[in-house]
Amino acid sequence: MKKTTTFRQMLTSPWLEFIMEAHNGLSAKIVEEAGFKGIWGSGLSISAALGVRDSNEASWTQVLDVLDFMSDATSIPILLDGDTGYGNFNNVRRLVKKLEQRGVAAVCLEDKLFPKTNSLMDHKVQPLDDIDEFAGKIKAGQDSQTDPDFCIVARIEAFIAGWGLPEMLKRAEAYHKAGADALLIHSKLSTPQEILAFTKEWNNRCPLVIVPTMYYATPTEVFREAGISLVIWANHLLRSSIGAMQKTAAQIYKEETLLNVEKAVVGVKEIFRLQRAEELDRAEELYLPKK
Amino acid sequence: MKKTTTFRQMLTSPWLEFIMEAHNGLSAKIVEEAGFKGIWGSGLSISAALGVRDSNEASWTQVLDVLDFMSDATSIPILLDGDTGYGNFNNVRRLVKKLEQRGVAAVCLEDKLFPKTNSLMDHKVQPLDDIDEFAGKIKAGQDSQTDPDFCIVARIEAFIAGWGLPEMLKRAEAYHKAGADALLIHSKLSTPQEILAFTKEWNNRCPLVIVPTMYYATPTEVFREAGISLVIWANHLLRSSIGAMQKTAAQIYKEETLLNVEKAVVGVKEIFRLQRAEELDRAEELYLPKK
Amino acid sequence: MKKTTTFRQMLTSPWLEFIMEAHNGLSAKIVEEAGFKGIWGSGLSISAALGVRDSNEASWTQVLDVLDFMSDATSIPILLDGDTGYGNFNNVRRLVKKLEQRGVAAVCLEDKLFPKTNSLMDHKVQPLDDIDEFAGKIKAGQDSQTDPDFCIVARIEAFIAGWGLPEMLKRAEAYHKAGADALLIHSKLSTPQEILAFTKEWNNRCPLVIVPTMYYATPTEVFREAGISLVIWANHLLRSSIGAMQKTAAQIYKEETLLNVEKAVVGVKEIFRLQRAEELDRAEELYLPKK
Amino acid sequence: MKKTTTFRQMLTSPWLEFIMEAHNGLSAKIVEEAGFKGIWGSGLSISAALGVRDSNEASWTQVLDVLDFMSDATSIPILLDGDTGYGNFNNVRRLVKKLEQRGVAAVCLEDKLFPKTNSLMDHKVQPLDDIDEFAGKIKAGQDSQTDPDFCIVARIEAFIAGWGLPEMLKRAEAYHKAGADALLIHSKLSTPQEILAFTKEWNNRCPLVIVPTMYYATPTEVFREAGISLVIWANHLLRSSIGAMQKTAAQIYKEETLLNVEKAVVGVKEIFRLQRAEELDRAEELYLPKK
């Protein structure tokens, strides 16, 4: 099945589905091997891994290059966190075309302004895009698809911006009407209160996606009962890798030897396995002359 | 002090120095924060993080783009694992120029053939470059520098290829004469036997660099006594991150909740800190109009 | 019809077909507007336009980025001059995959060594690849296709290298057997003598492609009678642009005014037309809110 | 002399200076060979050459890659047409840093909104940036320089947007105060009327730059007397190349032979010369083993 078709089915199936964050080819492969059916190409994680801020410091083609590697390394669908679409409707058109070519299954666009500010930064103003302008982006994205199963998820930031439920619903209605395949309802509360208030009013009119980074303590059953279609575990591979690398770096720096680290980390052969070294061995048998 | 000057001093100082592997801007930043004086831009780690093999599947400019981010994220020197130089002497000339521009302090070139095979793959043939051809690469690289402190490290693969000490010494002599700022003596034995055989004969005629990935159990004091200048801890941040991400992915996949993972990983704020979010806050104060 | 299918039909049709060189999105568009059915993505022209030598100074992904723009700007098939495949069979596999994704219809690979030397440089040694090694590249490329109509053209350089007809035929046989969709017979004589010697012996066993840059005075009827399938006009747009730009630059430099140049060059509006400005105007009507 | 220093001197010298448009490494080289002291990296020409629109369809790093080739191919300063800075003040900071690294001498920023609209499109609304916001970009750019001779030119679009002289002067004052090294006064009238109205009021308080694409018939002496520092010939190499390529393509398409084209275009050897083939010959003598 095409990656796009798989992802569309995840959105429209009656079950709650889960996708896991990745930020490069390696972590994407790890997500697939863990059993997940899809990958979240997180803007925060990708920028952090590159070493820049989640403020569109990396250009959209630099992000695209990361996605190209992620897509090549895996066979499950990727939903790209496409920020604001990196400009206006016209930039969205190019983005959708390029994502399709590179085997990315879907993109999530958020109704904020370029360059973006990360939604979890409490102290920041989070200005929202004009509703009609953003609806135009969604329409333009839809019209640029050549694969009808490519999906566009509209991420509504009105809770994040402090505008409350009425604005959320107004925007949800507009983006749904503009053709969004799903809505991502974002909240940075530590409880699912905003999410549940929305799902109650929205009444299942289209697939909903959530990111429970801040309300992580909510039992998953709550999301299931609320009719959510897709949960994004948004940045936890990156966060686990940071802690591990900091600990390893500190230990090697202090001890000036690998002796105690060697047993605590995977072997070099595990890197080779993840790189699919054995496939190259077989290909060399096939394509290189015997010497 | 310029990054290049710092690195040159690390090579020529009477002390044993250490540099630590990184594979993107984030891990490079972690290396610097741990206290290390320099960074090893590992070909194996960079390719693995991208999701491809250590066989020049990523183009040299894709590697360069990774280095650009790593250099921007840090203030300590980076020694790039430049494989074979990605072609002939002329490709080396372009590489050196581009690395200097991007703030990379030094490059290590190995005397194998493009496209390369990872040296730790036991079952692979490891064909060596012609000595004069490789010496020409070193000379060409030296002549392309505009910063006299940029360093070229010549990595000799004769032990890896099974050619023994006489070939190592012959090549060491040729590359030293060609202008290499240091020699990297590589070995995949589990003991330092080959390294020590070389250092004894070489007798300190120029700085030596080693990569004790396979002979990790050797006490560091042994390297110090043998007169080694620089030890490269070559891939351990990547290896620690793989284990951590695999564990986290497996746990979230199984438990379908973040509850137990949340406490085990660093917070989102730690990502922001590593991205230097506060610097952007200060800059916004300075450059954005008050609203 | 898919671009790949169009190109395959051009190779296999009973008529002599022609494709014209382009080196960026603009010149590709001009080729299409002139009526040509296909585009030659010339390695010489692309490298020259970038400002580097035809010696693999640009990385293969930098060339790929040029092709991405060329393919986006046009609807006719592009045959990329893929040099030696930029490495071994494994690099060819990646190349084919990436070209397919970007809408490039076909690639031409030549049996020389990486980094390549331009075939028209008389004073240069032109070392040939091992026959089996190159046949392995062709097989690997064929096995990497997901679109069966993607074509691989094998370019034989034995005449260029001075090895004569027997070597040409031996190589032709091997590459044909390895699955090449067509053979490009290259010659730098000022007459078609080598080409005709080959076609006579080859006897139409598969489609043949030629590049009459040096034997340009040969009447096209001669190629038709010899059963050639495709003629590549290899670098003439670039060459005409160089002369025009040199003349214009010299005139403006000397006269210090645009007065006489204005009438001699196309208007700014012609640039806008080539960029399809009017499509954006219509899209703005559709997707931007009325103000 | 550094390229940046040369460019600064061109701005501050008492003479009227001229720079000529280029859009890739090849045209940049032609500009230098014609005798010009500097190069205009035109946004319109670069986007058109790539095959996209002058509406930030190419990402800023794709533009940067073009500049990298242009800078490598030449030894005279390049002033990049940096549009709006591709985002906010923070994007400008990254841009300046990257331009300095790649040997670009200066950048011109315009006070419009991202994504930009080409200024010569009569039928388009041309919304202006907030004055303080744009002044913040200039300040941020200045503070990001490591080379004090790198220059930032502030391009004022108030005439283009139809706001008239008072707004021009208000903005000129603000950008001058923010640290702009020069002001680019843009006009799309067919006479120099707006330009002269401005210069009269501005009274030489800082270097002024103009782009006489539309008022091309104005004698250059008029600019000299008005105290202009720098004239940009903005897109004429591209425009001359378009006409030449269209003519050549049409002729070859129609005649199906190179016979008549061959004499009208430069020879293949001229391409080799522009690529500096002979430098590589000499380098091969130096760095390749004798065979």
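Should a chain be cited, it is by its letter among A, B, C and D, assigned in written order, with residues numbered from 1 in that chain.
Operating definition for what follows: contacts are C-beta pairs under 8 Å (C-beta built on N, C-alpha and C of every residue); 3 or more make two chains touch, one makes a residue touch a chain.
Owing to the predicted nature of the structure, the values given are computational and were not obtained by experimental measurement.
Asker: Which of the two pairs, B-C or B-D, is linked by more C-beta contacts?
Answerer: B-D
Asker: Are the two sides of the chain C and chain D contact the same residues or different ones, given that same means over half of the numbers occur on both copies?
Answerer: same
Asker: Thinking of A-C, which of A-B, A-D or B-D forms a repeat of its interface, with over half the contact pairs identical?
Answerer: Matching more than half of the contact pairs of A-C: B-D.
Asker: Centre to centre, by mean C-alpha position, how many angstrom separate chain B and chain C?
Answerer: Measuring from centre to centre gives 38 Å for this pair.
Asker: For chain C and chain D, what's the span in angstrom between their mean Cα positions?
Answerer: Computed value for the inter-centroid distance: 30 Å.
Asker: Between chain B and chain D, what is the separation of their C-alpha centroids in Å?
Answerer: 38
Asker: Mind pulling the residue numbers of chain D that touch at least two other chains?
Answerer: 55, 62, 72, 88, 90, 280
Asker: Chain adjacency by touch: line, ring, star, complete or other shape?
Answerer: Graph shape here is complete: every pair of chains touches.
Asker: Can you list the chain D residues touching chain A in their complex?
Answerer: Within the complex, chain D contacts chain A at residues 55-57, 59-62, 86-88, 90-91, 94, 114-115.
Asker: Mind listing the chain B positions that touch chain D in their complex?
Answerer: Contact set of chain B toward chain D: 72, 88-90, 93, 97, 101-103, 130, 132-133, 136-137, 139-140, 143, 280, 283, 286-289.
Asker: Which residues, counting only chain D, touch chain C once they are in their complex?
Answerer: 18, 20, 24-31, 33-36, 44-45, 47-55, 62, 65, 69-70, 72-73, 118, 120-121, 123, 125, 212-213, 216-217, 219-220, 233, 235-250, 252-253, 256-259, 261-262, 264-268, 270-272, 274-277, 280-281, 291
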